[in-house]
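Structures follow.
Two complexes are shown next, each including chain A; its partner changes from chain B in the first to chain C in the second.
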Partner chain A sequence: MDTILEIRDLSVHYYADRETVQAVNGLNLSLTRGATLGLVGETGAGKTTTALSILKMIQEPQGRIVSGRILFEGRDVLTMDRAEIVELRGKEVSMIFQDPMTSLNPLLTVGEQIAETVRKHDRVSKAEAASRARAMLETVGIPGGRAEDYPHQFSGGMKQRVVIAIALACSPKLLLADEPTTALDVTIQAQVLEMMRSLKEKFVTSTILITHDLGIVAEMCDQVATMYAGEVVEYGTVKDVFDTPKHPYTLGLFESLPSLDEDRDRLRPITGLMPDPTRLPPGCPFHPRCPRAMEICSRLSPEPVRLNGHLVKCHLYGKKEG
Partner chain B sequence: MPRYILKRLLMLVPVLLGVTFIVFSLLHITPGDPALIALGPNATPAAYEQMKKDMGLDAPFLVQYKRFLLGYKHEVFGYKGLLFGDLGRSYVTNRNVFEMIMGSFPNTLLLATGALLFAALLGVPVGILSAIRQYSVLDMVSTVMALAGVAMPVFWLAMVLIYVFAETLGFLPSLADPRNPVSMILPITTLGLYSTALILRMTRSAMLEIMRTDYVRTARAKGMDEHLVVRKHALRNAMIPIVTVIGLEFGALLGGAVLTEQIFAYPGIGTIMFKAIGEKDTPQILGSVCFVALVFTVVNLIVDILYGFIDPRVKASIQSSKSVNFKVVWNEFISRVRRK
Partner chain C sequence: MTATSNGNDRPLLEVRDLRKYFHTPQGALHAVDGVSFHIRRGKTLGMVGESGCGKSTAGRAILRLHEPTSGTVFFDGVDVTAASRTRMHGLRSEMQMIFQDPYASLNPRKTVAGIIGEPLLIYGRVKDTDDYEAQVRELMKTVGLADRLYDAYPHELDGGRRQRIGVARALALNPRFIVCDEPVSALDVSIQAQILNLLGDLQDRFGLTYLFITHDLSVVKHISDDICVMYLGQLVEKAPAKTLFQEQVHPYTKALLSAIPIPRVGARKKRIVLQGEISSPVNPRPGCRFAPRCPLARDFCRITDPPLTEYAPGRLAACHRMDEILQGKIHIQEARG
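Up next, the complex of A and B:
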């Protein structure tokens, strides 16, 4: 199968006054063309930073990509110059942001916000771009006549549709959706997800869907990667990972969900907190919270191990198959 | 939109009434007797009493204020009143008050416009550059210059400039004359530097804030070129606070730069006011203050209308103001008074 995106050993740091925030640490990930990958993890696990890195949009000088390669169709995004990266953004890789309320420019009509992307990348006339913007609005279920309206005249769910229309306007090959439904209420979430799924089929776009909602992953994704403290700790097909989760952190995530089959009074949260990203613990970053931590975990960072089709980064499995 | 403008113009009435009442009261309680000044120190008590009566200064305070608004009948000192656009003649020059103001206002307009153009053309671009290259050498230099611009007293700066450019180098004249463009350089620079500093800092902070917003990030993620991101997405959004500060500065400059005009002996409205206050020339003081208040509020109105052109949300709310609701106008007036 054809790989559209491959991230190798990506590390991203942010620099505060005296501290260094290690947001992403040696992350490896690959995405098959046409597939949807769910990227799950707690707030602060480095999901958004990973997505921004793919567009080379880490704000310098506060943030910096310290090491790694991001190969999009074999080309390393991180070594592209300004002109190349501007061509990549919006045209080949586009991103949907978390909060639709603030993601649209309040002073421009939604039609213009879609059309300017089309004009930039497909070099068409103003009229052509405007009519494509209207068509794009229709595609996401908004009457084309509303292209002349401003963002404040739309509801939250409608705004997110506009944001999606902007992202898909130039039929990108890869879509990065950063918690696209988190800011919406549940009924609108379902509508937006349903729409994304049908658009994905229409435009044949590969997708990375960032979320902390395992239900959405089960609904939407083919593959899933669990992130913890800037690393992918478990990676595989949704079926494999959901049927037989291996990493204690992934197990913990499932444990902490309410279940319909089982009679449980209380949820079982993962004890403890995410480690301070300025002072990550040595060894496996999860070991202070891990119920099955061993002596080696605090000393040595585990190597990823392939276990019946999926990758796990945990010492529990190292010896058996290593 | 016309309704909105009408509403705002109607709001000028209470504002101007308030301003005149305060100035009138202040003149009443401060020392200095116009009748005595008019007659000179050697006047007889009888002549003094007669002068007071002629000038209408023997009447109670509120009666005097009423006359100021509605007119005063007297063959020498009579006038039709503020409501009819007539405040009589200056006690000192015996010229019509408003004619004096209209004679000097174009000079002030010229100076203020020059200073504002100087400030905006320098402050806005440097502010933008400072913001997009935050912490660069340019940003540091402009920050220090702006602080210096705000901190330097105008009269001191004016004297330094005169000393350097007029006295020592002899490039430029030290007296300003509205008919001679070269002589305007020093007063415009003096007056403009303070506004430049304010506009620069406001532009920088507004741009810094906008450059961090999600929609600027969206624009970048769409693949917009950086200059378009700055110009089309960030700058337009930053324009609202920038236009506000420019409008306030323009209003203040039009109110007469008393110190600058004095130092450069410039025949503007500030000079007229300064002289009138020194001579306790009540009609001239009141006339000038009313005029300045009117100009200031009109400039503010223009700025508010400009918002509508920048921001569609403001435009929508302006257009939806259907009728003049006096309760709303009154509440707005009260809240403005409280804010000040």
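Up next, the complex of A and C:
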């Protein structure tokens, strides 16, 4: 299979007050061309930092990619110079941010903002860029005539459509969508997801979808990676991981969700809290909260094990080979 | 909807035709526009709806944190809306609120103990310093906050623990009724589950009655006995929680429930994708508020407001075409299989 993106052993740290926040720790991940990968995990798991690293957008000096390689179509993003990176961003890889309220420029019309991206990467006249901007708006379900309107004249769902139009304006090969519907109401979320699905068929974009909503993953994604404390702890096809989750953390996530199809008197939350990223526990970072932790878990970080098609980083499966 | 005169059968809270309008330069914003419901003693009424539907305003108007424009609220037979300032002070100790954002709703300059103990001081419920400390520590224990956090400040704590402080403060005066306004929306799922379990345990232990406001439909199903659905300031449907998830009468409820993504492979249901967005609550046009987006709307839907009608015991809906829907004569077209 054709791999569009491969991340190897990525580590990203942030520095504050003589403390080091270990946001991403030795992360490995690959994405098949044309596929949608869901990146799930709770606040602070390192999902957004991973996405920002792919665009080399970690702010220095507070943050730094300390090790690893990010191969986009075989080229290492991390060794690219400034000109190459600028060409990559928006043209080949683009990103949709979580909050549509703050990711648009309030002083430019939405048409200007889409045209800006077009003109950045394609040598076209202003008039041509403006007409492409209108066409792009139509693609995301907004009448082209609204290109002259400013962001404040749009509702939240409409703003997110504009953000998506900007992201797709240059037909990128890889789209990084960071919680694209989290700020939206559920009926509006349904509209945006429906639209993203049809755009995906049209543009054949490979996508990394960051979300904390496992329901969205089940609907939108082919593959899924669960992140915990800056590592991918489980990775596989959505079918494998959702039907037979193996890592105790993934299991815990499913258990803590209130269910719509069955009645539970009590939820079964994961006990304890996310570890402090400046003081990660030794061994497996999940062991202090893990109901099945063993003696070895506090000493040794588990190696990823392949189990019928999916990868699990857990000592429970250490000796078995799938 | 008739309540018997027997004291214990009487609903703890009864809301009649509650309205709250805000003045805006464009005209009156009808945040809550004629809402009536009751909550049975020791039960939870879930109130769901999307941003701007007026659910938080309704919760606040019930406690008179917003002064209602009109309508009445009865708390255990007492008319809250007519209560004097002094009377209201007394009532507030029985009617409390847990707020959405545990980051913004706690005073950053007070310690955990200071926040939890404040209502006790305001209401003079402490004998001396020892009694104060004992009561605060007991409340901390009740909500699962470690004793060592007594002198900690909110910024030192994570969201889940902060929300426990909010719960402890709401419990301090032994209230009978608590408005929970999106109490778990700002929390991660594993922490959310801890707080939902805590609220359930407290209800069992103290016989609390909750109005649970949320936009999260799986949360509301889990915690509620009855659920009401709001759209643009009005109630469109109310039913027992389980019933509502099995069968919806109002087209909006149907669309709303069909929009929830289910975390199971192959679970994707037939979905009703609504066109358009919620219209403006400023000077709303007469007629059903949902009509502009409703696939079943007819001209007559846009003339008068549909009344909230009880079509089966405990099940109410406000839709002009309810009879046709109930008889199975009309259905909403679903988008995909």
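Basically, the second predicted complex is superposed on the first by the 318 of 322 C-alpha atoms of A that agree within 3 Å, B and C clash if a C-alpha of one lies under 4 Å from a C-alpha of the other, contacts with A are read in each partner's own complex, and residues count from 1 in each chain.
Everything that follows uses one rule, which is that a residue touches a chain if its C-beta (ideal position, glycine included) is under 8 Å from a C-beta of that chain, and two chains touch if they have at least 3 such contacts.
As the structure is a prediction and not an experimental result, all values here were calculated from the model.
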{"item": "Fit or clash - chain C, chain B, common chain A", "value": "fit"}
{"item": "Which superposed partner A:64 touches (first chain B, second chain C, both, neither)", "value": "neither"}
{"item": "First (chain B), second (chain C), both or neither touched by A:190", "value": "second"}
{"item": "Touching partner for A:166 - first (chain B), second (chain C), both, neither", "value": "first"}
{"item": "Which superposed partner A:33 touches (first chain B, second chain C, both, neither)", "value": "neither"}
{"item": "Partner chain(s) touched by A:8 [first = chain B, second = chain C, both, neither]", "value": "neither"}
{"item": "Chain B or chain C, by number of chain A residues touched", "value": "C"}
{"item": "Chain B versus chain C as contact partner of A:89, first or second or both or neither", "value": "first"}
{"item": "Overlay on shared chain A, then closest C-alpha pair between chain B and chain C (Å)", "value": "11"}
{"item": "Footprint overlap on chain A, comparing chain B with chain C", "value": "none"}
{"item": "Touching residues on chain C, where the partner in the complex is chain A", "value": "50-51, 158, 160, 188-194, 196-197, 200, 215, 217-219, 221-223, 242, 245, 255-256, 258-265, 267-268, 271, 273-274, 277-278, 335"}
{"item": "Chain B residues touching chain A - in the complex, by the definition given at the top", "value": "213-215, 217-226, 228, 232-233, 236-237, 310-313, 316"}
{"item": "Interfacial residue positions of chain A with respect to chain C in the complex", "value": "42-43, 155-158, 185-191, 193-194, 212-219, 238-239, 242-243, 252-254, 256-261, 263-270, 273-274"}
{"item": "Complex interface listing, chain A residues touching chain B", "value": "55, 57, 82, 86-91, 94-95, 97, 99, 102-108, 116-117, 120-121, 150, 152, 163, 166"}
